[in-house]
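Each chain gets a letter, A, B, C and D, in the order it is written, and its residues are counted from 1.
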Amino acid sequence: MPETIIKIDLSESPYKNDMIHNRWHPDIPMVAWVKPGDDFIIETYDWTGGFIKNNESADDVRDIDLSIVHFLSGPIGVKGAEPGDLLVVDLLDVGALPESQWGFNGFFSKKNGGGFLTDHFPQAQKSIWDFKGIYTSSRHIPNVNFAGTIHPGLIGCLPDQKLLDTWNKREVDFIATNPDRVPPLANPPFPSTAHVGRAKGGTKSKAAMEGARTVPPREHGGNCDIKDLSRGSKIYFPVYVKGGGLSMGDLHFSQGDGEITFCGAIEMAGWLHLKVDLIKDGVKKYGIKNPIFKPSPLVPKYNDYLIFEGISVDEKGKQHYLDVHVAYRQACLNAIEYLKKFGFTGAQAYSILGTAPVQGHISGVVDIPNACATLWIPTEIFDFDIMPNSAGPSKKVKGGVKMPLSKDK
Amino acid sequence: MPETIIKIDLSESPYKNDMIHNRWHPDIPMVAWVKPGDDFIIETYDWTGGFIKNNESADDVRDIDLSIVHFLSGPIGVKGAEPGDLLVVDLLDVGALPESQWGFNGFFSKKNGGGFLTDHFPQAQKSIWDFKGIYTSSRHIPNVNFAGTIHPGLIGCLPDQKLLDTWNKREVDFIATNPDRVPPLANPPFPSTAHVGRAKGGTKSKAAMEGARTVPPREHGGNCDIKDLSRGSKIYFPVYVKGGGLSMGDLHFSQGDGEITFCGAIEMAGWLHLKVDLIKDGVKKYGIKNPIFKPSPLVPKYNDYLIFEGISVDEKGKQHYLDVHVAYRQACLNAIEYLKKFGFTGAQAYSILGTAPVQGHISGVVDIPNACATLWIPTEIFDFDIMPNSAGPSKKVKGGVKMPLSKDK
Amino acid sequence: MPETIIKIDLSESPYKNDMIHNRWHPDIPMVAWVKPGDDFIIETYDWTGGFIKNNESADDVRDIDLSIVHFLSGPIGVKGAEPGDLLVVDLLDVGALPESQWGFNGFFSKKNGGGFLTDHFPQAQKSIWDFKGIYTSSRHIPNVNFAGTIHPGLIGCLPDQKLLDTWNKREVDFIATNPDRVPPLANPPFPSTAHVGRAKGGTKSKAAMEGARTVPPREHGGNCDIKDLSRGSKIYFPVYVKGGGLSMGDLHFSQGDGEITFCGAIEMAGWLHLKVDLIKDGVKKYGIKNPIFKPSPLVPKYNDYLIFEGISVDEKGKQHYLDVHVAYRQACLNAIEYLKKFGFTGAQAYSILGTAPVQGHISGVVDIPNACATLWIPTEIFDFDIMPNSAGPSKKVKGGVKMPLSKDK
Amino acid sequence: MPETIIKIDLSESPYKNDMIHNRWHPDIPMVAWVKPGDDFIIETYDWTGGFIKNNESADDVRDIDLSIVHFLSGPIGVKGAEPGDLLVVDLLDVGALPESQWGFNGFFSKKNGGGFLTDHFPQAQKSIWDFKGIYTSSRHIPNVNFAGTIHPGLIGCLPDQKLLDTWNKREVDFIATNPDRVPPLANPPFPSTAHVGRAKGGTKSKAAMEGARTVPPREHGGNCDIKDLSRGSKIYFPVYVKGGGLSMGDLHFSQGDGEITFCGAIEMAGWLHLKVDLIKDGVKKYGIKNPIFKPSPLVPKYNDYLIFEGISVDEKGKQHYLDVHVAYRQACLNAIEYLKKFGFTGAQAYSILGTAPVQGHISGVVDIPNACATLWIPTEIFDFDIMPNSAGPSKKVKGGVKMPLSKDK
């Protein structure tokens, strides 16, 4: 096996591991250097650094301080990488840690993070998913079992100071347009919970003060939560600083398009086997702004779908203009109503959409005033037939199984 | 072959064919009746009723009166269908008319309809696509050839009066929020170009006055422009009026997710072979609001993709809140810049995104403040390798080929 | 639409159509000439020239004179084609004739042709399959419906005299090793039922006397019965005579690997839309002996299979040495026994294996003394679940449906 | 992680591990017991027990004593399993050992085992394949890289005495028909190298004397070398003895249909994560003779193929009767000639067919006298385009790379 250049200890706080960081800043020191052509292994915490537990209470989901996320492994320097290059990353393999064959999914309270359907599911809930080889299932959601499409939710290179400044100004200005919103419009730098790896002294203070939060995806990639960046894929990242500074984390055993449950996909600690290479001056050569990638040849072939449509008229009947966000929300709500007819609770149905390899397509986006989004549920993940028939649905779902819920305090 | 219950004559105006209509209204009379279990054939005009020609000028795209669209074939009554039922429609096959083996794609002028990227491509342009069996290519866009995913862009049942009233109020109120916008926010009823089929006398006037425009997808389905409603798929439509009143048109030989070029996919006249059935009281049984469907087993297996990311920061650097529309626009613009490096013009690249079986995914929609959308281009549609490599791109595209453009008058 | 260069009349005997032939001979005159780059349409009879009827009796299957087959359309000359070139044929599309939306499948009597399982099914039987758009089903085989993978069972170029002589010597010598076998080892030239197209006078006599029978696939391709030569595929044929002389027929709406029922796949009359091109001197450049091809991107994605194994120990327990034929026969017999448990008759199960898109794989062929073959049945073609479960199988198949059988006279 | 119930030590001879055996016999004692519903892990040696080394010489391939193979892990008892039951085995995951991330492929000398093309490649040769995450490539075969379809080549339950006696009689009688053949027709029991696990005393002697060799696949499954029994698949095995007695080994990182190189696929030591269950009396309920299985949803989607045909006329022009073995050999030889045009050596091309996920189909098996077999090479495994074009092939393969060859002594 290739060398493991970043190791973690699940029994230890990620704040104690100086090869971990939870902010983006150009001054965070590289923790390891590799050469183009090298392959190596990196271990990562789950995005919360172990805060969410494998138990029967959603209190941890309700109570988490979201300023601590995401705990990333890195940054890794690649010799010869210079601003303007493309860093080519092969995700040769990704997996869970042998000692931690489980993951979590949940909904944050509307008062602490929320999620895509927070108005419909405003309380903290959680489900635990066990991994059995390539498959996963949850003791909190019966009748569902599927192969994982394992991927890092978050991966990218360090920004340079200019790009960082652009981010901070853009987002801080944006927050200022509605500073009291719950959940907030965005998250500004927040030094008190910042972990800036091996930065010391003044650099440490600067990085903590200025470091961009890791939640949003941005020009460098970052927290894209793209389920298709799965093991076997090849990604081309823009390089902004000397050495690149590749960091990653937030591993998912599986996720539906949109990661609508926010907390999050099936979240896990794990490891990545990576190979790196460079395309010199590739950003300009190929006109690259955001990362581009080639998906893996090895993804579950769940090809039979039941597809739900949604349009950009919201739950209250209000018209929105070509708003795909609203349209996708309607498609999701339509699917949840449908799945409830078979005996799932609404929360279970919502969890399925967040965790299983469902697809979310931008189907029509020009037919004023309505966007049309579609949600694709693979029928093979259920152990019964979910297609409509003339007899109507019957209660197929094993009863008496509930997802833990913790009410707001 | 089964009976063709609606025939068209391409040499004749669709206004002269009383089995065609271009508005949605419950009082438009059924033009044919079928029984559950029947299969039959329907012919359709292209959505503009033949206005766009197979030639070298985009004047028709520039000058079209968009109040005439879409010319639909129907409505067809299904015996026994009652409000609350689900009408099950098998799209057994769909094709182009033998005498019309071509289609068009284009961008409307920003002053007359616009499109997803109208600020970047504000002038009318057009490309013509020839069909050769299952494949299509365009004399205006070199180096591209692909198998069609043939489908109706528009299909659905007649609304009842209550649903129609909801639509009209919703959209007219919405227009009122910015009545002078170009392009407009939505399109109100417009009697002077209405074609309400076999409606006569007072019914005709009422239907023309009140008839909902066909552009947006709505609760009944309608103009969803979902490329995956392709031949071989099975769709479940809510029924609102006695007999259902199924109408359809706007056939596409192929389309990319979003139909971003708006004029439109690869638009064609053609025929559909349908089978109908009923699930009595299915709307309530399954909790259906919008149509649901099962996709075809017979779609081109273009499985190798180059994927572009976009986030909800717009072209000017402005932050938007989890706005998938903006994010998808960025992914599209990123792809266009990339394709230009191989020698395509921007307009050609835009056309490819509108016509080829590209996928648009809602990848991440919870990571405040940025949505992440991905655009998937199947690499096999090009006759050269579009993947990045260390040598950089070379001009692979045959030069000297342009898409017709007609400047605003 | 492109020109139809060979037309047929289903009400007329193929012997009356001089653009049809049923033997391979270099002197059969070209019936049409095309240029590299041309696309055109060809109509074909079913392989028996209309002998098998859409009715409820298998008498025609029992009584057919098999020396009349296969009725091929052609030969077509391609300008500039010379021996040693590769003729590149795009199967742009293939379909049934509009007036003939059905096909047949059957088993020949062991006394007249036989088939792969003729010892188990020695009597003539027949099933009729109706086409509904992309789908087919049979009134003789309930609970099965699937999308067609339409293809020509037989296509290839004319042999030159030397190749023809090789074939005739090889096969006549082979027959001589067991001349009285029933069914025979091979079929020698047989002038009395030969149809040699436009050949006249002495050429006609010579071609009829020497013309190779069309049943076996040979070096030029010919009757390969490869289900994957489906519409959308691209084939590279060796050229032996000036002009190439491309002929084809034996269209199938669908077929399982092996075409085990022999009479045959789902056999139909139909049309092909072809495009031709040349690779000059391609046989030598690429070291080609038999045709090679690239499959279509448009084939039904039936990806969930139940797979049966067979080894090269025959039904009587006799050991054979790495014999894939015997192993595949066992896999087929195993599948038939399994399907019978759900209520299919043996004949119906056999027919499903001959018609549906089942795969036959040469899985292991070196582990002395047993070859291992696998038969893959797509589970989605049944309207019930065929997977094993702890409750055991139940009779799901609609009773009282039989396949016509005609006993030997 | 679940319990590892069979462990191995790669530094130790498998003969020293009493949880390993290399013969099939009902009296080999169970080495572990599990319950229906349990999941657990088993480690396995490579099929030669470590004889073949990761080095630059094929001496080991030439010199191996093939009477030692295959070293299997087991047998495992399943509580409650009785003769006539079906043992349901979920291959939850399969992988290489972390300390052994490589595998071998080779051709045996014709004098010691041979292989499918032994007349063309009569000398011992070897290639070593390195694993990098989901991918593999060989330092001996340039320009090729692909994702593994990991699977056990050999898995099955212990035979009862009656079935064992049938095997031994059948094969010994068969050998007697040509006892001096090289390579032999089959392999009789051979006590001197037998490893019968924990059998002691008289039982040990009896098991060694009678134990069936593990090379051929048989009614119980065994050495089927089916590449599609990959991780994620579900297999239904007939049970013959109380407890079942499940054993397995011969893990492959990847294999082409037929495993034509015989030594073998990409052979490796590794581990399996299994789950077991029972269908009581399933053999009779479902009419099962050989195992059946459902393939994994997680296999590489290499869907673009170049396909080679072969017919049952052998290399010397001799006619064979519907002989799929001969036909597949021709397809393989045709593919090798083709690949050589790009610069591969014949041995490298042969190795690719044995290791990459190529498909071998029984395409036509009734068109007397010729069977037609097809060999499907996924084009995506090469780093250059292998499709034909008008310019002809160019030497794309990196020169100077050879596979080790060891001449017969």
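FYI, a residue touches a chain if its C-beta (ideal position, glycine included) is under 8 Å from a C-beta of that chain, and two chains touch if they have at least 3 such contacts.
No experiment lies behind these values; they were computed from the predicted model shown.
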Contact tally winner between B-C and A-C is B-C
With centres defined as the mean of Cα atoms, the chain at greatest distance from chain B is chain D
Per the C-alpha means, the centres of chain C and chain D lie apart by a whole-Å value of 32
In whole angstrom, the CA-centroid distance of chain B from chain C equals 40
Distance in whole angstrom between the CA centres of chain A and chain C is 51
Where chain A touches two or more other chains simultaneously, the residues are 301, 304, 380
Given the complex, residues on chain D that touch chain A span 1, 39, 90-93, 98-99, 101, 132-135, 147, 231-232, 273, 275, 296-302, 380
Touching chain A in the complex, chain C uses residues 301, 303-304, 380, 385
Seen from chain D, its contact residues with chain C in the complex are 86, 88, 115-116, 166, 170-171, 173-174, 183-187, 215-219, 221, 223-228, 236, 257-262, 264, 278-282, 285-295, 304-311, 313, 317-319, 321-325, 328, 330-331, 334, 337-338, 340-341, 359-374, 387-390, 392-393
